[in-house]
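Below: a set of structures, written as structure tokens.
Here subunit A shows up in two complexes: once beside subunit B, once beside subunit C.
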Partner chain A sequence: MTKPLLEVKNLCVDYDIRNEHALPWKSPQTLQAVKEVSFTLGAGETLGIVGESGSGKSTLARAIVQLEKATGSILWGGDTELIGLSRQQMLPFRSQIQFVFQDPFASLNPRLTVGQIIEEPLTVHQPQLSRTQRRERVRSMMHRVSLLPNQINRYPHEFSGGQCQRIGIARALIVEPRLLICDEPVSALDVSIQAQIINLLNSLQKEMGLAMLFIAHDLSVVKHISDRVMVMYLGKVMEMADCSVLYKQPSHPYTQALISAVPLPDPQQERSKKRILLLGDMPSPLSPPSGCVFRTRCQYATTECATRTPQLQSTGNSSEHSVSCHFPAVSLS
Partner chain B sequence: MALLSVDQLNVRFDTSDGVVHAVRGLSFEVNASEVLAIVGESGSGKSQSAFAIMGLLASNGNATGSVQFKGDELLNKPTDYLNRIRATGIAMVFQDALAALNPYMRIADQMTEVLVYHFGLSQREALAQSIAMLDAVRIPDAKNRIRLFPHEFSGGMQQRVMIAMALLCKPALLIADEPTTALDVTVQAEIMDLLAEVRREMNMSMILITHDLGVVAGYSDTVMVLYAGQVVESAPVQTLFDSPGHPYTIGLLNSILRLDTEDNALYAIPGTPPNLLLRQSGCPFVERCEFAIERCHSENPALNEYRLENVTRSRACHVEINS
Partner chain C sequence: MKTQADIAVVKGRSLWSEARRRFYKNIAAMLGLIVLILVSLFAFFGQYIAQFPIDEIDFNVIGQVEQEGGPSIKNGHYFGTDDLGRDLFARVVQGTQVSLIVGFVGAFIAVAMGTLYGAIAGYAGGRTDNIMMRVVDILMAIPSMFVIILLLVMFGRSMAMLFIGVGMLSWLDMSRIVRGQTLSIKNKEYIHAAQAMGVSDVKIITRHILPNLWGIVAVYATLLIPLMILTESFISFIGLGVQEPLTSWGALISEGAGTMQYGTLWQLTFPLFFFVITISAFYFVGDGLRDALDPKER
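On to the complex of A and B.
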């Protein structure tokens, strides 16, 4: 069996939070943003990560590229441990793992032209290239993301949101990474533009054999691009399954609620469907509930859920389907 | 008589780059207890038409046409005049609740202010009514939490506070401008259900401004699709989803990412919306339209009313489409 491209084991990210009114000798509180997350990602595969805001999806992505301090293990290419690497040691891996950010305007330097923005990663990661070689690469990359050649000397503010996102994608892909992490790449875009960007990512992935981590809060977006989906809540993995399995047979009450909350663009279906409502708000991550973190909003919760923490376990109907719940429902009727 | 009737509303902004025609020739009516959804991409003029109705345009904005609420003309009326209709007649819920609430005032002060101003209630009565309204929008422990500041609430709770505040004076019409866009799907479902429930109970009309066709499908009676400041199509909700009549609507419906289909090939409308600084002669959608004919480039189609299968609907397109 070939080694997976990325193997994450027991990844935890903790923040020390100091209350502003706390006395100086008090020790800070610990906020566990990501708790014991494990998954593997093969070459060319797409893993979708969904969850509400505050569920730790972005922190997880940032931890993988060492933008957050994490504990646990991140094995790259089956042999290199990324956690604990210095900035210098990390540099070669940065060209293999690239990032596309949510806000298309904020993630581009407003003082650089499009050409300079897309070229910059090359000057860092492939300094042996000459200026003309770099320009050539920039031009062909712009063509691949459907930007026009005459736009090379324009500035980001002259572009629409969708075009800025194309620039961001071109910048990420110019160093030919093996893994692309997309953090909510389409949530700031209009519906008609979202479809364009999703199609672009899908076709580039096929061409370049990219692996992708695709983070979104929108389940329908994730469905269209992912092979497997991981559902997170309060920093923990609630459920992980093949895309087709997860949407047909969601086993975790949280996944079921998420899926049932997505409005269907069909008046009859939308008005007749049964919706699973979540109780209350997401609890503060500073003091998560005991036992199962979801139990405060779960309609099936029992006393067992408060005392015993469920582990992520296989559901049995497929080895790829695992769920972290004491009472996983069989299917959503 | 319609509750609100808008006739030939035009909104333009004088900017340093030129004149932006944000809304062009918008006409529609909202009847009592009806929900009208206004759908469009960013820059299609959906929010600006709402702002024009409420008299909230930016200082470089200029509105012409007519907006009548229960027979009273509202457009370009002085603030004093509008303030009698705001909140009691038409109230508005904004997209970004945190930005719309005053960060320096406790919720209690912001809410009671409305009741004291419009109904001359005493502070004590106003507070009691405000707490009752927060209870009604299901804010737990409203009695104590009304003393908090806006930033101390979560996004969903802030939106509930906004809705409670808009409902305080029992308006006849609520304009909800992207009320759930900034929220998680689970919270969105709760807020939309809440709005639907209070709307039914208070027999209130609503203009629901959104870009989410799923929300439109679930919560509206009539849909108006805007593109580049113009109405391109308007129809009852079921009709619009069953047989869209304008190429833009067809494209929009095809490009939605859906949970209930297996097909992974996704249709995308090519291109981007036109620059509103440049006034084109033809149809605003012509550059992105796959049905476009010669005439579309030179002549902007008017919005025509027609009947199909006993449903009155209208669209602005030169081309016959059998969908």
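On to the complex of A and C.
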């Protein structure tokens, strides 16, 4: 078996929350944004990450590029541990892992031209290139993401949201990374533009052999683009499975609820479909529930769920399908 | 058929050029700018028009300033003479120079120090930020006018002392404003993008944070210049500040106010006129800049 491109083991991200008026010697509260997340990602593969707001998806992604301090292990290419690397040591890996952000406008510096924005990774990672060579690379990259290369001197505010997102993608791909992390790249866009961007990502992925970590809270988008899907809730992995398996046989009550909430294009089906309503809000991550974190909103919760924390385990039906629930697939019976 | 390369490169319109366009449309601000240009020209070239040096006493007028010293084209005292018979035109030119220099130098010190200090504190964040801003708080608690007066009294009245005093007083506000702005820019996604890309901190500050700060810095600086001029004028008015035979608007206004009751009103009105139009013009320009750079705020 070939080594996976990215292997994340027991990744945790903690924040110290300090009360504004607390005395300086009081120890701060700890907020665990990501708890013991483990997954692997092979070259050219796409892993979708879904979950409600505040479930730790973005924090996980930011931890992988060391924008957040994390503990655990992030193994790159099967042999390099990324956690604990100094800034200098991390630099060569930054060109291989690139990031696409959620807000297409906020992720581009309004004072720089499109050309300057797209070429910035080149100036950092391939400083030996001359100005004209860089310009040439930028032009060809703009062409690849369907931007007109003659608009190289325009500013971000002269583009639409979809075009800005293409600029963001061009900036990420110009250093030819092996892994692209997309943090909700389409959430801020219209549905028709979403489809364009998704298709663009799909075709670029095939061309360049990219692995992708695709974060979204729109399950239909994730279904379209992912090979495997990971469902997160309150910083923990609830379920992980192949895309086809997860959508057909969701085992975790939370996944079931999420999937039942996806609107169907056919109004007749939509009306007849049974929806699982989740009551209440996600509990505060400062004081997560004991045992299973989802039990406060789970309709099948028992006393066991409050006392024992379920581990992420393989379900019987497929080796790639794992779930962290004491009573998986209740609704299937 | 045209290929991609044949299409001419489209020229982008930067935020700066859009702001410039909005500024040109603002009549009050443009008038202010014209007034400022005229006042600056007056300060630069006025000495070549003046018929007398600033410290020469005209013995034709001395002793009868009220009758002979009024503004007149004939005897060369365009603005009249002061109480000692010195040419007021030359002195107003000189006062304008001093006041503008104090304004610009003071504002420059404020911008340079305040921006650097605030940007570093804001970008570093955490404990560094906390300590740096507490230092600013402490300095702010010291009554600055008192310190300036003490400095001038202890180390003598010199231009350098004036700059140091005025500059020290002015960068504190600037650093607070810049720090706040930096904090909000720091959390923008394009900064995260640059960090994820591996851009160095120095590059992030100079390339991504500072260009986005210049707008607010420019506005604040234009509003700071009149404040510096006012401060200097106040110090000169109470008799500290620049030394004879040099003079400034504040000193001239002070002299003019002293001789008001003798009927030599021109000694007050000419320096006062320049003072008022310049200060107003700076405020109009500052307002116009704010509107131009920050269209959402209106």
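In the analysis below, the second predicted complex is superposed on the first by the 327 of 333 C-alpha atoms of A that agree within 3 Å, B and C clash if a C-alpha of one lies under 4 Å from a C-alpha of the other, contacts with A are read in each partner's own complex, and residues count from 1 in each chain.
Assume a residue touches a chain if its C-beta (ideal position, glycine included) is under 8 Å from a C-beta of that chain, and two chains touch if they have at least 3 such contacts.
Quick caveat: nothing in here was measured; it's all calculated off a predicted structure.
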Exercise for the section: Once the two structures are overlaid on subunit A, check if subunit B and subunit C clash or fit side by side. Expected result: fit
Problem - Touched partner set for A:67, first subunit B, second subunit C, both or neither - result: second
Practice task
Could you tell me if A:29 is touching subunit B, subunit C, both of them or neither one (first, second, both, neither)?
Solution key: neither
Exercise for the section: May I ask you to decide whether A:133 touches subunit B, subunit C, both, or neither, giving the answer as first, second, both or neither? Expected result: neither
Practice task
Check whether A:190 is in contact with subunit B, with subunit C, with both or with neither, and answer first, second, both or neither.
Solution key: first
Exercise for the section: With the two complexes superposed on chain A, say which partner A:221 touches: subunit B (first), subunit C (second), both, or neither. Expected result: first
Practice task
Could you tell me if A:314 is touching subunit B, subunit C, both of them or neither one (first, second, both, neither)?
Solution key: neither
Handout entry: Smallest separation of CA atoms, subunit C relative to subunit B, angstrom
Key = 9
Practice task
Could you pull out which residues of subunit A sit against subunit B in one structure and against subunit C in the other?
Solution key: none
Problem - Residues of subunit B defined as touching subunit A within the complex - result: 41-42, 140, 154-157, 184-190, 192-193, 211-218, 237-238, 241, 251-253, 255-260, 264, 266-270, 272-273
Completion exercise
Residue positions on subunit A within touch of subunit B in the complex are 52-53, 160-163, 190-196, 198-199, 217-221, 223-224, 247, 257-271, 275, 277-278, 280-282
Fill in the blank from the handout: Counting only contacts in the complex, subunit A reaches subunit C at residues 62, 65, 67, 87, 90-91, 94-95, 98-99, 101-103, 106-114, 120-121, 124-125, 143, 148-155, 157-158, 168, 171
Practice task
Sort out for me which residues of subunit C touch subunit A in the complex.
Solution key: 4, 7-16, 188-190, 192-199, 207-208, 211-212
